[in-house]
């Protein structure tokens, strides 16, 4: 299969490297900046360069878009129109309408459409999902994520569009429900874009997800808490090992039928850090894309997932612009 | 001086113990529950017991209230009317109106009114304040607090009124500005009261404070980040030593006059964990109360501070009840 | 039962408090320093004071010795001669000969003799022992302990006699074998006694135990590694929770019959932090002492255990004095 | 300059990569295993391959040896005889005699001889050395190193020769004194070689260094404590940032003239984590080698340093073989 990577900035070369290492994959690449393309040619002598997107589209069956967010919609349409399967770097698009248009065209053309939410392919998130599916966590109560450190400022977007897609994607993957509403607040200290923000997503039955994203924090934190009524999980991505800790802890209600007499007690049991599969997550993502093309299977981060994530991002943006009021989501 | 402690539940005995160890302080105590009063008499044989609040008020010059929140207003008025100086356990009152009434009466009677925000007397918070006053932190950008663990559920209040006063008080002590608005969201999983909540407080000039309080978290976290444009601080109260870490980190803007050309760069310098004064914070609080009575000095957590904290709590409550919309604060 | 505590310095009052809280225990106490005795009387109004050891011995059935090490032998003999059961604060005695004499006399008199190795009664050590007894750890490979921090210097002993008994006791409790030899090295920087030292104990079958004790370290570390060929454990006593972490990790040998072809591979599985029983360890020790007196049962830290620990300490001292040469132990 | 890398196993390709990135360096490489050489040629198309060591030596001015320890002596002699400057991978040689022979030949031939003790070029060790040279640490009291984890077993050497050279080199770099004696103990659980060991090095004035190296530990620890009488340092190489923590802590002796009256007190001040230079340490090492060739300057890990490290290793080996007795070092 011929695969073309468009955009060779920060992330594109990682896609090139991973596609190149797949058997039976012939890789093409291009970039609007000739200097970047030349640098990539030196680094990947076995990969073919195309002078333009149009040129590349004539050669390939599938396209991976690693260009700036503002170009995803137009380039994605162009690739699908050319009959290509489409992998888009996160964030997917800058609006729900653009996302929907790409999804509709992919369906109409019978092509695979997938967004690169790489974290879904990590050993930690796969194990977390497995625990949830097996009922180990019980009913989910909350999802709390902190993703902060110093930098890297993006010039064309704010900290929510830059960092939150990772965590919203993990949250959606775990919860799998349509969100009801989103509330967001942020501050702009160093540019016209928010450099720190808090995001709350409301689901049915009091289930809440909350995200703290910050480009100007002195320490690097990548931590997710998942509270279930059977077990609770801390996923700390900065830990070199034991990234996932499962706590057999919880709250017991005695005599809940008599609400005024309810006695709350605590259950504290063992903690368990399951062994996680290693391997580069991006490799798993690339394999999944190729597998879905070959078999017609549904990718982990296919249209439905990508659309829900985009809805949350768009609603968060609106909440930010409207002074932090909660914004309902129309599914 | 004669000091009376009213309420001998969880916190009251700590006040008794600390007042008792002060020179020239004669301590009285009472509780509506005779069994509790007897238990306290066994524990503190040198402290005098009063049969009722009225009885106690006839004996003392100053009163410390460690009763449930709902009683603070009435008992506080009663103590002030009796001519006593007044120390109130946090949270101060359940409404701004009640707080204002107590403050007005204290001023009218010429009595000291103070709220027991014990954390302000810890070595860590005193050092933090000192750093801020000396300009070490520069202009404040954000205040982010996480105070979570499993339990202890309160029956008559939610997690915000229970846990957030500590952090709102620390934040106000550091920032010292009137907040503009408050937004809060929460979930009620185990009772009719929120057991987890997020609270955002908006100040002028994009300065934001955010608070995460949670009774159903698997791990105990007590961590505050303070971002300044000169230095940033992590205050981790779970650390046995080095609770305060000061990072010489920040963002540099080059050519800020040409907004489209702005280059953001990062400054990363040393980290510094200053030695903190030890000593029990509650002892410092008790000494400050007695000192203010003796000298007329202004306590660290006097009326102005207590009122601002109460305004934030009341606005957070309203935001919770109104679906998470931001609520403006009228100073 | 009447119990007498001799010595009211640092640890004695803890023994008084714990014995006093046991049902049916009448507690007496004495100290060679009248000021200390008076201070203890103020703190424990319900405990009877004796003017001298002889006076106390006339009143009690059992004695707990919390005096300096150099007095253990003489006072222990005196107590046993008076017909008392005997609990001795660690370290037991300053020589194997003295230990043996106390043990022989206790056996002759039919009295319980026990050393206060409090750590054996912690939830962590009890769970560790349980794992080992159930075969969870497999064959033991090594025991490695680090117990370091700044201070507290003892004037009459070195850092080995002060700190290492805790860890040697835990090690012996787990391993339960006669040691073959001991090697020790140390340095004396601030007094005529070693303020830091390393101790190695050799057991059969290449099993090794190593102890690092240090009074002049900048950080407080209390960490034990136990390597077994099935599982390995890290016991970190500074962790507020999850003190014990059990790693399903190890080494696999393939084709061990062909030694030159042996392939070593690694097995890495889950990590598990079992819930530990809470409760004050000293209370468990006190209950065990009373239980053994009442029933004739063997205490956890009875004569055999205490003797092996003393043998290691004495041999370590000799190794230190002889330039660090390994010293064989004669059982 | 033409540089030849001999040995393309685990470490050799890192040397190739680093030499290749230096300006004016023409790199050659060879390996006794043709398959390895071919793999390296695919990875480094710009580097020239030589069929044999003799072939390579005809082309180059300097040689880097990354072959097994047992070959260092013979290949090193061959390279020096051919007139080449010589960089040897650690450990330098398997005996002091072999080390001395290489050093003598290098001096005779006027060639640079250097051992790749990469850690000396890390930001952390450079800062540590700087602190010591500036007198910040005061008089050194002890050096304590722990370097443990699961694997990687070496087949032709034990854990001391594999892991300890890193730490002995750092220690020697800091202390710069001739050691007096060495004592070592170890256990062999999975092969004929020690898989865990403890090593003590004695210096004048009670200064002690201790090393714990272990291939069968469940956790990865890379931690060095350095105790000075002015400040103490923890160097934790597993920390992603703040690897070096400098504690203003120590012991104060009052009235030291009256030894029986000496009062020991503790000084506890700030902790400080200096910013460390980044950059790959191996690059610094390679630059130093080229710089010394060009200028005749003395490398950080030149003959004197390498010889002292080898003396410690050889003495440790002898102590291991002789049952753990301390072995004196003859400078």
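Chains here go by letter, A, B, C and D, matching the order in which they are written, and residues are numbered from 1 within each.
FYI, a contact is a pair of C-beta atoms (placed from the backbone, for glycine too) under 8 Å apart; a residue touches a chain by one contact, two chains touch by 3 or more.
All values derive from a computational prediction rather than experimental measurement.
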Legend entry - Chain pair, B-C or A-C, that carries the greater number of C-beta contacts: A-C
Legend entry - Label of the chain whose CA centroid is most distant from the centroid of chain D: B
Legend entry - Centre distance in Å when chain B and chain C are each reduced to the mean of their C-alpha atoms: 43
Legend entry - Length of the line joining the C-alpha centres of chain A and chain B, rounded to whole Å: 38
Inset, instruction - Could you tell me the distance, in whole angstrom, between the mean C-alpha positions of chain A and chain C? - result: 53
Inset, instruction - Return the residues of chain C touching two or more other chains; collapse runs of consecutive numbers into ranges. - result: 268
Inset, instruction - Enumerate the contact residues on chain B facing chain D in the complex. - result: 242, 248, 268-275
Inset, instruction - Would you tell me which residues of chain A are touching chain B in their complex? - result: 141-142, 144, 148, 150-151, 153, 181, 183, 185-192, 196, 198, 200, 202, 206-208, 210, 212, 214, 216-219, 225, 227, 229, 232-234, 245, 247, 249-251, 253, 259, 262, 264, 266, 268, 323-326
Legend entry - Footprint of chain C on chain B - complex, ascending: 45, 220, 238, 240-241
